[in-house]
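Each structure below appears as structure tokens.
What follows is a pair of complexes built around chain A, which joins chain B in one and chain C in the other.
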Partner chain A sequence: MAFAIEKRAVTKWLEKLLEAGEVVAPVRTPCGDVLFSTVRSAEQVVWDFPNPLHPPKEFVLPQTDPIVKIRRNGQHHEVEAVHDGTRRFLFNARSCDARGIAFLTRMHEMEPADASYLRRSGNLTVINLACVTPCPLGFCICTDSGPFLSDSYDAQLTDLGKSYLVEVGSAKGEAAVAEAPSLFRKATEDEVSRRKNLEVAARNHFGEETCHFASAMRRISTGRVPDALWEKMGDWCLECGGCNLVCPTCYCFSVKDLDRDGTWIRCRLRDSCQYAAFTLEASGHNPRAQRKDRMKRRFFHKVSAQYYTRDGAVGCVGCGRCIKVCLGTTDMPAVVAAIRKGKWHE
Partner chain B sequence: MVTVPTACPFCSCGCGFYLLAREGQLVGVAPSETHPVSEGRLCARGWSAHEAALWGDRLRHPLLQRNGKQESVSWDEALDHVTARLKELMNAGKPVGVLGSSRATNEENYLAGRLARAGLQTNNVDFSYYPICRPLLEGIAEVCGKHAPSIRLHDIASSQVILLTEGNLAETHPRAASSVLKAVEKGAHLITVGYRKTQMARLASLHLQATPGNEGEVINGILAAVLDLGLQDRTSVPIGYDALRRDLETVNRTEEVRQAAEWIARAERAAFLIAPSCGQGDQSRKDAAAFAKLAAITGHLDKPGSGLLPLLARSNVRGACDMGVVPDRLPGYDPLDDARSRERVQDLWGKKLPPAPGLSAESLLQSVSGLIVVADDPPSVVPMGQRAMAAMERIEFLVVLDAFLTPTARIAHALLPIASLAETEGTVTNMEGRVQRLRVATNPPGEARTGWQVLAELCGRFTASYRSASDVLREIGQAAPGYAGVEQRLTEDGWGGALLKDFDRAKLVVQPTRTTGLAALTSVERPYLLARDAAFDWGHDPLVSFSPTLRRDYQSERKLFPNGFVEIGKADADALKLSGGRQAKLTSVHGEAMVPVLVRTDLKPGLLVVPYTFRDRVSNVLGSNGVTAVKVERP
Partner chain C sequence: MNDVFLPDIAWLADVCDETPDTRTFRLRFRDSKKGEDFHFLPGQFLELSVFGYGEAPFCIASSPTRPEALETTVRRTGQLTNALHKLGEGDEVGVRGPFGNGFNVEAAYGKDLLFVAGGIGLPPLRSLIWNVLDERSRFGKVTILYGARTPTDLVYKQELNEWRKRSDMETHVTVDAAQPGWSGTVGVVPLLFKKVIVHPESTLAYVCGPPIMIRIAIQDLLALGFREEAIISTLERMMQCGIGKCNHCAIGHRYVCRDGPVFNYGQIRELVE
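Up next is the complex of A and B:
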């Protein structure tokens, strides 16, 4: 079902959403960055922006995520789940991030399901702004996660100049529209066809970043990437973990208890499989002691057919964040190209 | 969610990011694409920069030691007690001192210096990392007058040549290493000088093997080759080339060294990066001077996009120097015996300053009766850690201001809790000379106050008082001329901070100094060299040791090797029939020690290296040296 909303009415819709729950949207900081943050007013929301470097997965899988509280009670311990039942609207997310959250949700729904994550994602309405102009480093076209989506959103907005086309993709999306039904009208056929044209035009305007997953997948799934290549690439990684921390589909974590006046809050901390100590065992043994082993693991998980079969997608939504954030030069397109060609920096 | 832009508290690259806080509690870090240093990138430490303040053992209440126990008291009681006890010691003619810190802000350091010099009337003021970087900074100052004309970290990425004498850049300064990688990717020639085949050395066009503590020999070789080839830039530095040439006559010029000289001299843009070495003070100073001379005579201290960066370990080493918390320099890093600088500071403070230089950190710990330590744990920083700890335990009255419960804080007679870097306002200066603001993301825990406030109150009891951190920064602008107007510029510029003006390039001085190469330490009897790795030990820094994500590596290393280890090359280990984990007996002129070995493939024969964190395990063997000749035996 497609609706349309006039641009001047969007503020009113946002005001209604702000009454109904928390609104998370890209905002410009005084330092000039654009970050996903909770907004207090509709005016804060940015409409013309490159995709923020810090992904909105922060609002389903925070960097520090309290899971349970543990209190001592005499001889016993009381354990209480920490509920984050806040109704949230993720407004103006980009298509890749909407796809990223859908990926994370699928993963966390697998048995045993992750109640803490699902509570948050269940209360989150994802409203993405389709990318009429692809971002310079994005390659979502290679991962089927943009520039426009056909699913994975609750509502998708397309900028049609004076109005936005609003495609509703779920009951949560319907509910978001229903917060201010009078602001929306049924989209005209012309509006729907303009959206289609915009999508075609956007698909033809991608930058130079490409990522040929298929041939890389063939090589990595059949163990045909030589060890020497991983070793070579390992020297171009500075183990910052940035690729994992900003990746819309990464979910690795470690667990740590935070002492707050006698109450222990068990937290899930976002972690990186590129850190040497991530797989360090209590005995001191580390199955992935060398950087090449950790890199191999990361890309096997992201690109192999084995995981593609399980997850139904490669572990990448083509947002291009790892290109910007990598302290070294081992971002997704660079490594996929190296795997495909069997050589690095030659 | 609150997002607060601030500067990274770890190394001196000075990256910027946002601290994220929810319901008054730190929850994470977000990168900033607009920050001129980090440009959206952060290292592992930066990504976990919120953790120590959140998870650490934080100090919440002022404590005074009574009957062998630290007891909670009110702020007034604590400050009155500290003042009274210090005055008592001073009246009794006992020496007192103050240690600032390269992990504290400029404001905290400035006030610490003023408290020492104007309040306690002593030049016994230093910070614990200074003895390690002092030879490096003084060597550079010999050529450049003060700080070197700096290259921006961003510009390193477009260098054509990079000369790097390093400990392990990828680990110590990942942001700088990132620029080096980007330059190499674009085809730059990377020349590494060092004793270990590190990650950077593996990527280098040329790795010049050096003896630990004598990297200058290689640098002098390049210098000599530049003169041999007649490639010096005659326009930039007026020097006596003949004298310099004579001085370098005996220096060894290999084919590789000649190649390096050509690349450096012919480059339009070259970056010179130098880390503190493990050598002895005088030798290290000369080596650093040779390094700066090479940059100067090839004209690279006079070209846009070229420059020299000393790789200082902690975030505010440059700031601590500029605030004058060192025994023989005043705010502005001006020499204590410079009449005009003395007058400037004396006029500002309205007090006559003691004339003689004070004691350096290590001697100061050994000899003062009263000591104030600001945000630091000296035993984990100075080369002889155990000796420093033993000395601190003997101090009659030890005052510690810190956010974290460090080993030093545990033995304090007066413990004053201050805000962590996430909870305080103030400024820090990175190694480029970029002054950046810290901003308050959350409130300090319990009764903790900001460090500048506590120091201002102490200052008030001895000398002057301040109303705000900006007040202090304004005064810094008067005391250290380079910081004049910084307070105003920071208000206007916001992100990215205020870059200090580079030193006047016209003032470069290149004097020949005798290149006395390190005498061969080894002998038939003691054929191996044992070197103390100069890379800073982050594992004992509270910002790492209290971070659940960052401490894992260090913790497991110490768990696996409770008695420490020394690293040895594969060939030597095979020849001595030593396998990993086995004890080796090391004997030097100073003494002997039994210590397990770890076999490495990146070390040349004839060399053993002890990581900085395990230095005290072989202090019997090393003595006070950074390098010594040893006999190695399998017991």
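Up next is the complex of A and C:
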């Protein structure tokens, strides 16, 4: 179902959403950076922006995610699961990030389902702003996660000049529109066809050299990437874990109890498979002590056919954030290209 | 939908020294109903919480045939295990589980069983050993080969003596380095293969210990004529969540916490790091 909303009416819609719950959107900080943050007013939401370095996964899978509250009472302890049932609207997310959240939700739905995550994602309405102009580092076209989406959103906005086309993709999307029904009208055929043309134009914006997964997947899945190549790429990795921390689909974690005024909060903390201690056992034995093995692990998890079969997608949404953060250039397109060509770029 | 990370509270009903750095903890659920509903297989593991520190995986060292005594044997080696060792009888811990596939006990009915363990590798096998001994008539010959660095480092010393005295099983113990008063065998565990007669075609071998010992023992078993499927081991990995989510224990697309920790050697060879 497609609606349209005049641009000048969007502020009113946002105000209604702010009454209904928390609104998370890209905002510009006083220093000029753009990041996803909870907003207090509709004016804070930016509409023309580079995709923030940190994906909005923070709002379904926070970096420090409280999962269990542990209270001490003398010698006894009481434990209680921490529930976050806040209704949230993620507004103006990019297509890749909407796809990232859909990926994470599928992961956490797998048996045994993770109630802590699903409670958050179940209360989150994802409203993405389709990318009329793809971002310079993005390669979402290779991962089927942009520039426009056909699913994975609750509502998708397309900038049509004076109005936004609003495609509703779920009951949560319908409910978001229903917060201010008078602001919306049914989209005209012309508007729907303009959106299609914009999508075609956006797709044509991508260059030839993006990220060709197929042959890399074939080689990774069958163990045909030479050890020497992993070693070479491992040499370039600085083990900072940045790629994992900014990746919309990475979800590996560790668990620690943090002391909060005498109560312990057991937290799930983001972890990185690129850290040497990720697989370090208490005995001192470390099955992935070498960087090349950890590099191999990261790309096996993201690109292998074994995981593709399980997850229904590669573990990449083509957002290009790893290209931006990796000082060693071992980002997704570079590694995929090296595997495809059989040599590292040096 | 369950809160998969919410532990149950248990208290330490008994704490017993095994070696200077290893202790056996007997757990009892605070909610006795939970204790009655807690069913497990030998070879499965628990996520044990030491409140204020977090949680870590430990194998269940006791047998499901003795549900009243849920035990785990832990070596003091890091922050969490140090904190656990400071706890005494009556202190509380958190328990999640049981997790993992465990040993297939029924598949071992009628077979000869050979247990090969080194150091702290005996506890997961002890769960199966007592299960077998409590249903002794269902199994063929039972042989235990066990070794540790020194006589002090042997775990379950009393049980080893008990097993040695039993006529329905054969137990051999060795140490890498003798201490005064040790009159038994000196040498690494695989040397004990020379002391026993095994029939590879009708025997299942269970191997657990440090990686180097496992490697050598498996080579020797293959040389003796064991099929890959008849050599069974239980792998150790840094299993943080126990439910295949955190990815610490992933090997390829397999998860030691869910697909294992028990694998036969054929399966282990197929795991690609």
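Keep in mind that, in the parts below, the second predicted complex is superposed on the first by the 338 of 346 C-alpha atoms of A that agree within 3 Å, B and C clash if a C-alpha of one lies under 4 Å from a C-alpha of the other, contacts with A are read in each partner's own complex, and residues count from 1 in each chain.
Criterion: a contact is a pair of C-beta atoms (placed from the backbone, for glycine too) under 8 Å apart; a residue touches a chain by one contact, two chains touch by 3 or more.
Being a predicted model, the structure only gives us computed values, none of them experimental.
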After lining both complexes up on chain A, report clash or fit for chain B versus chain C.
-> fit
Thinking of the overlay built on chain A, is A:E239 touched by chain B (first), by chain C (second), by both, or by neither?
-> first
A:S254 contacts which: chain B (first), chain C (second), both, neither?
-> both
Given the touch rule stated above, what does A:R195 touch, chain B (first), chain C (second), both, or neither?
-> neither
Between chain B (first) and chain C (second), which does A:D271 come into contact with in this model arrangement: first, second, both, or neither?
-> both
Does the superposition put A:R72 against chain B (first), chain C (second), both, or neither?
-> second
Is A:T29 touching the first partner chain B, the second partner chain C, both, or neither of them?
-> first
Touch check for A:R94: first (chain B), second (chain C), both, or neither?
-> neither
With the two structures laid over each other on chain A, which partner does A:A113 touch: chain B (first), chain C (second), both, or neither?
-> second
Does the superposition put A:P287 against chain B (first), chain C (second), both, or neither?
-> second
Minimum C-alpha separation between chain B and chain C after superposing on chain A, in Å = 7
Which residues would you name on chain A as touching chain B in one complex and chain C in the other?
-> 254, 256, 271, 280
Report the residues of chain A in contact with chain C in the complex, numbered from low to high.
-> 67-68, 70, 72, 75-77, 79-81, 107-108, 110, 112-116, 118, 223, 251-257, 259, 264, 266, 268, 271, 273, 278-283, 285, 287-288, 293, 296-297, 300-301, 304, 306-307, 310
Which chain B residues qualify as touching chain A in the complex?
-> 1, 3, 5, 16, 18, 20, 22, 26-35, 40-44, 46-47, 50, 54-55, 170, 174-175, 177-178, 181-182, 185, 199, 202-203, 494-495, 548-549, 552-553, 556, 559-560
Footprint of chain B on chain A - complex, ascending = 29-33, 35, 37-38, 53-54, 58, 62-64, 235-236, 238-242, 245-246, 254, 256, 258, 269-272, 275-277, 280, 284, 324-329, 345
In the complex, the residues of chain C that touch chain A are 1-7, 9, 49, 51-56, 75, 77-78, 81, 90-92, 94, 210-211, 236-238, 240-241, 243-248, 250-253, 272-273
